[in-house]
Amino acid sequence: MTVGSVDGSGAGSGRDAEGPGRGRGLISPRRGPVPVPLLVPALVGLAFLVLPLVALLVRAPWSDLPDQLTSPEVWQALRLSLLCATAATVVSLVLGVPLAWLLARVDFPGRGFVRALVTLPLVLPPVVGGVALLMALGRNGVVGQWLESWFGVSLPFTTAGVVVAEAFVAMPFLVISVEGTLRAADPRYEEAATTLGASRFTAFRRVTLPLIAPGIAAGAVLAWARALGEFGATITFAGNFPGRTQTMPLAVYLALQSDPEAAIALSLVLLTVSIAVLAGLRDRWMSAS
Amino acid sequence: MRGAEGRKRAKKAVGSGAGSTAGAGSTAGAGRSGAGLDARLVVRRGAFRLDVGLRVVPGEVVALLGPNGAGKTTALRALAGLEPLADGYLRLDGAALERTPPESRPVGVVFQDYLLFPHLTALDNVAFGPRCQGASKAEARALAAEWLGRMGLAEHAGAKPRRLSGGQAQRVALARALATSPRLLLLDEPLAALDARTRLDVRAQLRRHLADFEAVAVLVTHDPLDAMVLADRLVVIEDGQVVQEGTPGDIARHPRTDYIAHLVGLNLYKGVADRHTVRLDAGPAITTTEDLTGPVFVTFPPSAVTLYGERPTGVSARNLWRCAVAGMETHGDQIRADLTGELPLAADLTTVAAAELGLHTGAEVWAAVKATQTHAYPA
Amino acid sequence: MARSSGSGWFRRWGALVGAVVLLGVAGCSSHSAESSESSEGGDVSGEVTVFAAASLKESFTELGKRFEKAHPGVEVTFNFGGSDSLAASIIGGAPADVFASASPKTMKIVTDAGDAVGAPVTFVRNQLEIAALPGNPEGISSLKDLTKSGLKVVLCDKEVPCGAAAQKALDASGLRLTPVSYEQDVKAALTKVELKEADAAVVYKTDVLAAGDKVEGVEFPEAADTVNDYPIALLKDAPNTKAAKAFVALVRSGEGQEVLSDAGFLKP
């Protein structure tokens, strides 16, 4: 009698059982010296990314910093930035996760095209994005004019407009990230859930969502960071008014016109906050992955 | 439960004795009454086409047995609703299910690698189904705890799947599938993910649980031992088609394809019988004890073969063939020799006998089989 | 509200593309430095790079064409943008020959940094005007009308010359105006009105003129107090001093002044 290998017939595509695969890749049998053709560009690349930030620190007006940082305008802009970036991330999550699921799990005609559309804002200059948003949601926009006449809602020049602009630019990051996680996740867990009586939505909510939570968190962080630094779409679509639509990047840009030192101070604040938040999130959520 | 088995076995013996290979026809009586599973599953995927008829009465355990790629898992997925039917039908206890989505089918599935939800405890994994069926959280948990208790896993209720051993995970998966009170239990290679030692244990337990299960159970396996221990009836699938079905004993005695013959460890030949002589389609004739006419199968076990270094003198000239050794492998204290020549066959002999014969690959030998050791039956 | 027809859409897209190009240009500086030998030659040749305030775009582009025609072989390259960002890139080392600013304040940044040659000269003056929607549906006739509640007004940011001038006019009249946005430059402010997202903007007279019928200009008396001097200067590190001098001469000549006043600028 023979006992064959594991049966891979049918669509079951016998995957390995989920085992504790920890530590894989950490221990390699032999680790030679790092090859120079990799090391040199790697170090140059590192310097290229870090040097401007170091320069910012070197040239920072440390003595004036306390004055700059205690000015209410800075805090106003920072508060608005954090608020809007967070709101944009929430919007991206609510709309983007289902969109990612659709792209990853539902086989519909033109899916590749839809995915390309979703990623378009990634390559679009943000200013163009802002103008496009004006065309769509502005007071005279394709949709905006109805928002205005039916609900009296006008998005340009409002804080909500900032959120819209930031979400437009940040959501693709989330969608792409979550879709990748979904594709990597075993769809058979969803199948298992449906055989247990779960509707597709229940399966998504109770099984898939918890399984891809780390990926969603990573995508949300990415989207949040992108939203926080968003400039072009925001200033084009939402304008620039302190406390309402003037986020940190706008404040930095305008301060640069007349007072570069203030701009540096503002940049430092933004940098510090971003690093603090990203580091905090990384410890909590992203280390698991 | 096992009472029904005897009835079915008797019926099957008649069916296969008549030489029927089409699954659907042989257990017609059971299917028509409405209880149990009655299905013809047609699934197309590219060039591959699965077309399998299945009838299973409540309380019966049927194993789909076949080589890799035969379509066993596809059939199982079609039963669960995870694979759409291109054609055919699917009735369970009289209700048509072809168009019913998987979540609305009274079906429980134990997947090959169990697919326990890694973020839920064993208890919540088992409670998942009842929850989806509308039970309150407390009810579902109580039911789940009961099932885990029945599986002897009460103390592991709070463990996440990755903390469970293979055998424990298998039982949790079984409990999860059974907790929804399915009318059709599907098991996809339920023991394949286990190591040899756990396997024995789990197989015995699974057999007990399947015996207690009062509805239809269908399991898929490529392991004939699993199939024979666990199932009342085997359905052998090759290349998308049912090639044979029957009780394990029936299949073991009367293999109809090389695949099954190989599985059950028999030499199988097809030929045309004229009284006690069967002229094989390719090769020599075999003398048998059965008195048959027309197309037949002839089998004999490798242990029935006697090998000689020289042409034996004191042996009847019938069923004596000149062969060459193509390969050898060890089976416990036995050696299985694969022979080519007049009649390709497998022969078992002791290591001592092999040494005395000076057996080696390429060696010329004479193989003899007594007519009383052969078995012929209509094809 | 008048729904735009197909051609209206087309025009709007045109304005949009213009705005986008402008916003894009404001950020970057273009240059080329293949001119060291040309400064020694007798004739004007090579390439001359002019950094000019955004409001000078139309008239300077015209002057550039004339200059190239008068001096075959010379190529004039413009970088139009907010005066402040231009000043910032000049002191940051951007290779330019001429700087034409929309305000003495921004020019001062460059002269203070020692990047200009000689004293800057005022070559034109500009005056604020209100840009209202075509047909002036809100009936705006004065600066005070802009403070009406419900009216969406955009101003230039106070850091930008047109914003500073507007603020000066408002302060002088004792008016308090809360705009919906402080735009980063005058063209951005104008674009918001062209796209009908804002009801009015306070911009330069020249910008209103350049926008054609997409906006309607409304003059206001307080504008007279906020007339803006436009200084022009040669830059110290000019790669092509000779051509730069010739270009400045053209700007200040009768011909140049005519082009500029056609665009709505006032004589110095």
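Every chain is named by a letter (A, B and C) in the order it is written, and numbering of its residues begins at 1.
The working rule: a contact is a pair of C-beta atoms (placed from the backbone, for glycine too) under 8 Å apart; a residue touches a chain by one contact, two chains touch by 3 or more.
Everything numeric in this text was worked out from a predicted model, so none of it was measured.
Touch-path distance (fewest steps) from chain B to chain C is 2.
The chain occupying the central position, as judged from C-alpha centroids, is A. By number of C-beta pairs in contact, A-B leads when A-C and A-B are compared. Using CA-based centroids throughout, the chain positioned farthest away from chain B is C. If each chain is reduced to the centroid of its CA atoms, chain B and chain C end up 86 Å from each other.
Here the spacing of chain A and chain C, counted between their Cα centres, is 37 Å.
Chain centres here are Cα means. That of chain A falls 51 Å from that of chain B.
Of all residues in chain B, none touches 2 or more other chains. Only residues 1, 4, 16, 19-20, 23-24, 82, 84-85, 88, 152, 154, 157, 159-160, 179-184, 188, 192, 195-198 of chain C touch chain A when the two sit together in their complex. Of all residues in chain B, only 45, 66-77, 80-83, 101-105, 107-109, 111-115, 117-119, 128-129, 132-133, 161-162, 166, 169, 176-177, 180, 188-189, 192-193, 220-225, 262-265 touch chain A in the complex they form.
Of all residues in chain A, only 1-12, 14-20, 186, 188-189, 191-200, 202-203, 206-207, 210-211 touch chain B in the complex they form.
Chain A contributes residues 125, 127-128, 131, 134-135, 138-140, 145, 156-157, 232, 235-236, 238-242, 245-246, 253-258, 260 to its touches with chain C in the complex.
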